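First chain A sits with chain B, and in the next complex the same chain sits with chain C.
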Partner chain A sequence: MTTTDSDASGTAVEEAITSTDPVTLSKVWGMGGMTAVLVGLVAGLLVSLERLDLEGAGIFGSGDELFQFWSAHRVALVLLGVLPILVALGTTIVPRQCGANTLLFPRAAALACWTWLIGAGMTVVGFLVDGGLGTPDGGGQRQATALTLMGLLLVIGGLMVATMCILSTILSGRAAGMGLGDIPYLSWTTLIAGTIWLGMLPVLAANAVLAYVDLRGRPAVRFGAEDAIWEQLSWVFTHPAIYLLALPVLGIALDVISSATGSEPANRGVLLVATAAFGFLSFGAYAQSFFDTPGTPIMEETIYVLAAFAIVPVAFVVLGGVLDLLRRGGSDLGSKPPASVVLSLIAILLIVAGTVLGALRVVAPWDLLETSVTGAHFTLVVGAAVIGAVAGLNHWGEDLLGSPGFPGLMLLGGLAASLGVVLISAADVVSGFLGQADFTGVDLATAGYPDSGTGALNAVSTVGAAAFLVAGLIWMVAGIRHLAVDSAGAG
Partner chain B sequence: MLSTGFKLWFGLFVAAVMAAVLAGYTSGATETGPISVGWKGGVGNHVSYVIILSAAAGLALVGLVALAFRDADAEAQAEVLGLEEAPEAQAVVGNSLWPIFGALGIGALAVGLVVHPAIFVTGLCILVAVGVEWTMTNWSEKVSGDAEANAAARENLMRPIEIPVLGTIGIGVLVLAVSRVLLASSVNGAVVVATVAGLLVFGGAMAISKRPEMPRRAIRSILFVGCVAVLLAGILSAVNGEREFHQIGGGTSDDDAQVETDH
Partner chain C sequence: MADMTPTAPTRPRSLVVASAFGTGAVLAYFGGLFGIYFSIRADAMAWGTQWFPEGAIELAPGGMNMATMAVSAITMGWAVHSVLKDDRVHAYLALALTAVMGIAMVNQTAFYIADIGLPIDTSQATTLMFVIVGSHLVMVSVGVLWLGLLLLRALGGQDTSRHRDLVSAAALYWYAVNAIYAVIWVGIYIAK
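And now, the complex of A and B:
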């Protein structure tokens, strides 16, 4: 049989799955992350709808099912959504910022990318087949829970290897004459965030392994008990670990606004120290309430409360740097500032609001730790991280794909997301002060709060969740169209 | 002079040590426990103290490495290498199958731990094979400065091993998959399946041979899709189970005849 040898290159699918090109890998990270964000937002909306009428239990059959979706919402947004999108930016933008010709260890980066994707798939499947990360009433399938834990381990492994590749590039791949203190803000904040991720993710992996080992075989002794798994892992979805998602967003905002205004922050040294302090205060692996010893619970200990308050002025320092940039170069932005600038500014404001709410949350007399204020805090910080990451994708989209994409759609989505985040957070904060729990309870029939006045607030929160989901859909459409334009251009 | 990296990580180390001590003393530590790492007195909340102190140790190590290697600045690298200018930190590498196969191996390992030991062993085998292949690829890239010569060196070494091994595995897997399909089908259905499959293969091969201008990647795609289809059919058939076989005579003797019945 004779065939033509003229077309020896692989098919598009072969190219995609065998590529070690950072741009291709970042497309996988970015689209995978955005898909996970959408999945998380759908889960969040369903939980929000159920919360409107818990006694009716119209969507979920039991408290365990509600819990599975509630926890899936958080896992999907943090470990499967925002972190991968930030890795996408780190994979492509950071090497360019540092003057490196490519990402260091590109094959390891590809391995990390695919491992994460397979792990993310396993995690989602685990949740869908009645597994997840435990249930309060022990109603989940043990096998499926084990699958979710293994998926989570793969996700953690992928994220860690990708982070190591990015940090190695920042350290060893810099151009001659560029000191570590001279790198742009996104690279700097990624360096710090990556350092802290590499300190925290192994602890999370250890938690997951502990739960998995105890879960398998004979009845669980302690760590693998269905009602104990989430508590061991929940620290990564709350203060202070949650702030680590926001740290690269600070760098994105500073770079984006600096680039748009054509001015440099006057106090670079202060901003470098402030972002390093922000990273340090985001280290949250110690805040494991599951391992509380008799005495003061960790969430009421000085170190936890102090970190919650200390991060507020740090966030304000960064906000000051951003405002200083706008003061000095804002006139250059004109009447219609770029979408990335608007979204970056919104993200910074939401982060600052998140730190303030985080401080209020730990004030002991108000007793808010177990209330929906914790959910509001999560929404503010994660929402800010999503909006900020999208701002980054929009700002550097042309560098990556050769065309500017659809900034109008990105902005529209960003505004819808901002509205959604504000509505959810505001409603949940007030509900929290009225006593509504973060997770609304195991027994749906008695978990409602008919006399607490939170019904209307939950409706507002549901509208916010819907707006956030609409934003995710708009971004997805914009992203797919951008990639399609890129593919057509390449063809 | 202290480098920026050292200042960053050593600063974080100092802050972490102070945080650990604070966490210890404010959570029930006694005497000098938090300062002496528990040598004299308690450290308070063990979990938070140990985790923060471990993080501090890691940060101190990274800080010292950054200081020793001067933040891996390009100038420092050039000096160590004795060159005027540091070379690119990473040579651009081409496409590679091993990362995705490695990830599939890891995935199979993880799924196998949960579902079935056979999948775990399969994952392990994939990982070993990927490890060998990846190692040989890396070795070949350093044989010379000529990429083509390097590729040839790799092929000369690995092709005599890869082709028979992969051929054997491929044939074995396909035979196993087809046998599962035939065993899952009814008695007459198996005959129909075998006939249709044979005709498809024969017809497809004839069609391709009639079109010598067909691009290689189109043929590759057809083969890929065909293999995936057979594998999926095999897996689904295996999950579905074989048709029932009844022993005549009810004994276990080899002389007993088998009667096959449809589902």
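And now, the complex of A and C:
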């Protein structure tokens, strides 16, 4: 039985749309995700440029417009970018790792893929037509905001159904005799991360539905108010939920380096437990500051602070596993290690740095929660996730497209991205300590009256955003060329 | 002659596993809504603010719906049992009765919501109530459609003890529908 329902007489577009072949679906997820990453990076660069002048609106007409791009940057990178790229790997690579014949429920997987793509399109259009996920001063178009929310719901629905297919394949479709403790690290971390996603994404959907219902047709009671929507949804873009993006990257790094060095980690059981703990510490649906009641705010509650600190040693355990692999098999890598190994190692280091910064961020006396340290934390973790996901695409590129691709371009892009992530996060951390707000707006009052030194730091951050964008463009070129080679080979 | 009885699958059944993930996601969705509802309600109560307008929420309709759902949980169990025993007649009856209970529940809720005439934008409480109850109605409707599909399969002779996964998966979902309504009943209709 084939899993591809393609009609030999159909056009290439018809075949792509009607295909239930996991490789085809992975191409859509992967290219769609990379395109969204690019969109997110463009939005991030524009916001950075605007931040160079905190006393006036130079690029955007108002603080509301800036906010739309600022929030689009985060939405595009997380829900439209990194998660879909990880789903791309899960759709094709995970079933093969588990010895499954194919992805279970391929039609549902195809439905999920196209639902996500349509939803992603609606979300981007919603942001571009003065909608987005609310604005601080209520200056957006309500219908466009509703469109964005509807797009977001489709995106969440698509991601959830795709995750269900992947998880079912791991649990029910893996080869006979292969225990869950035996599956490769990418599959294991995808299983943990997917399970937590299925616990968090529906809560995000509940927030979005509540805002949508309240927004439509009449003055909003509370949840659909323009200045309230983002705050209800923002928990998914910060600690601890943001770490869940990094979890499969840990699996990618362990698999990639293990494969390249030809050695297995000595402490596999410890790594499995550590990655599972990383996943459970990333559950963040409870951390909704919008619904704070009188008393201690959720971001100062014990569970929130404890999770921020507890995840640091867990990340170091995984780093220890990676270093152990390199110690025992690093000599096999030679003077020019594969691009995927370099990128994986960078991703792991950035994740560890992200967890340390996440712990520093919640130290109450420093009062950093609303400052640009939060943005730096987001950049470190999401940047690591993007670089790690690209490492995975490079490592398994041949499985996905039948040819090894362009590792040189991938590495070049990865190095540019690493430089960008480091510059952005380093500058934003210092700016945060100087009092600069996470969302600076277009006036000093919104920016938190930061010290004068933030001007130079914001310039450094802008250079970092430009480097990250260049990396995205290089990866896109590499991806398109890889697809072209694949198409030519198929032809 | 060799024993031709098929061996038991070594892996969990994929349909049931996928359904468990789907049902878990639905539970998480309602968990999010309930968390918001009870958090804001507790805050309102602490400040002595009125939550629902006096007399707006009555106990009887919610109780009737709970009873309907409870009976439907029993008939769903009956359906699973009948399919396991290859008892087609009882499977028809049980699946049809469960679907009818679901339709009755939707009907009762729709009537009640229309009857109380409480605008959705009266307060945060009404907005939340309509979102929670409305989402549950969608969940019940999906369950009824699923039961209709099962009934068609049963009529075609496909719901047998060897192909019982879809029935088991639907039962898992339906029990979650019941569990969620129990929280709605206690949290909204009784506690008001």
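Simple rule for what comes next: the second predicted complex is superposed on the first by the 471 of 491 C-alpha atoms of A that agree within 3 Å, B and C clash if a C-alpha of one lies under 4 Å from a C-alpha of the other, contacts with A are read in each partner's own complex, and residues count from 1 in each chain.
Here is the rule we use: a residue touches a chain if its C-beta (ideal position, glycine included) is under 8 Å from a C-beta of that chain, and two chains touch if they have at least 3 such contacts.
For clarity, every value in this text was computed on a predicted model and none was experimentally measured.
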Inset, instruction - Examine A:172 and indicate which partner it touches, taking first as chain B and second as chain C; both and neither are also allowed. - result: both
Legend entry - Superposed model, chain A: greater residue contact from chain B or chain C: B
Legend entry - Touching partner for A:105 - first (chain B), second (chain C), both, neither: both
Inset, instruction - Determine, under the contact definition given at the top, whether A:269 touches first (chain B), second (chain C), both, or neither. - result: neither
Inset, instruction - Could you say whether A:201 touches chain B, chain C, both of them, or neither, answering first, second, both or neither? - result: second
Legend entry - Contacts of A:222 with chain B and chain C, given as first, second, both or neither: second
Legend entry - First, second, both or neither for A:291, with chain B first and chain C second: both
Inset, instruction - Give one of first, second, both or neither to describe whether A:365 is in contact with chain B, with chain C, with both, or with none. - result: neither
Legend entry - Common ground on chain A, meaning residues reached by chain C in one complex and by chain B in the other: 104-105, 108, 171-174, 176, 199, 203, 285-286, 288, 291, 293
Legend entry - chain A residues within the chain B interface of the complex: 1-11, 14-15, 17-20, 100-108, 110-111, 113-115, 117-119, 122, 143, 146-147, 150-151, 153-154, 157, 169, 171-181, 191-192, 195, 199, 203, 276, 279-280, 283, 285-288, 291-293, 295-296, 298, 301-303, 306
Legend entry - chain A contact footprint on chain C (complex, rising order): 10-14, 17-18, 21-22, 24-26, 28-33, 35-36, 39-40, 42-43, 46, 120-121, 123-124, 127-128, 130-131, 134-135
Inset, instruction - Spell out the part of chain B that touches chain A in their complex, as residue ranges. - result: 3-5, 8-9, 11-12, 15-16, 19, 22-23, 26-28, 45-49, 51-52, 55, 58-59, 62, 66, 71-75, 77-78, 85-86, 88-90, 92-100, 102-104, 106-107, 110-111, 113-115, 134, 208-209, 212-217, 219-221
Legend entry - Contacting residues of chain A [partner chain C, same complex]: 104-105, 108, 160, 163-165, 167-168, 171-174, 176, 198-207, 209-210, 213-214, 218-219, 221-223, 285-286, 288, 291, 293-294
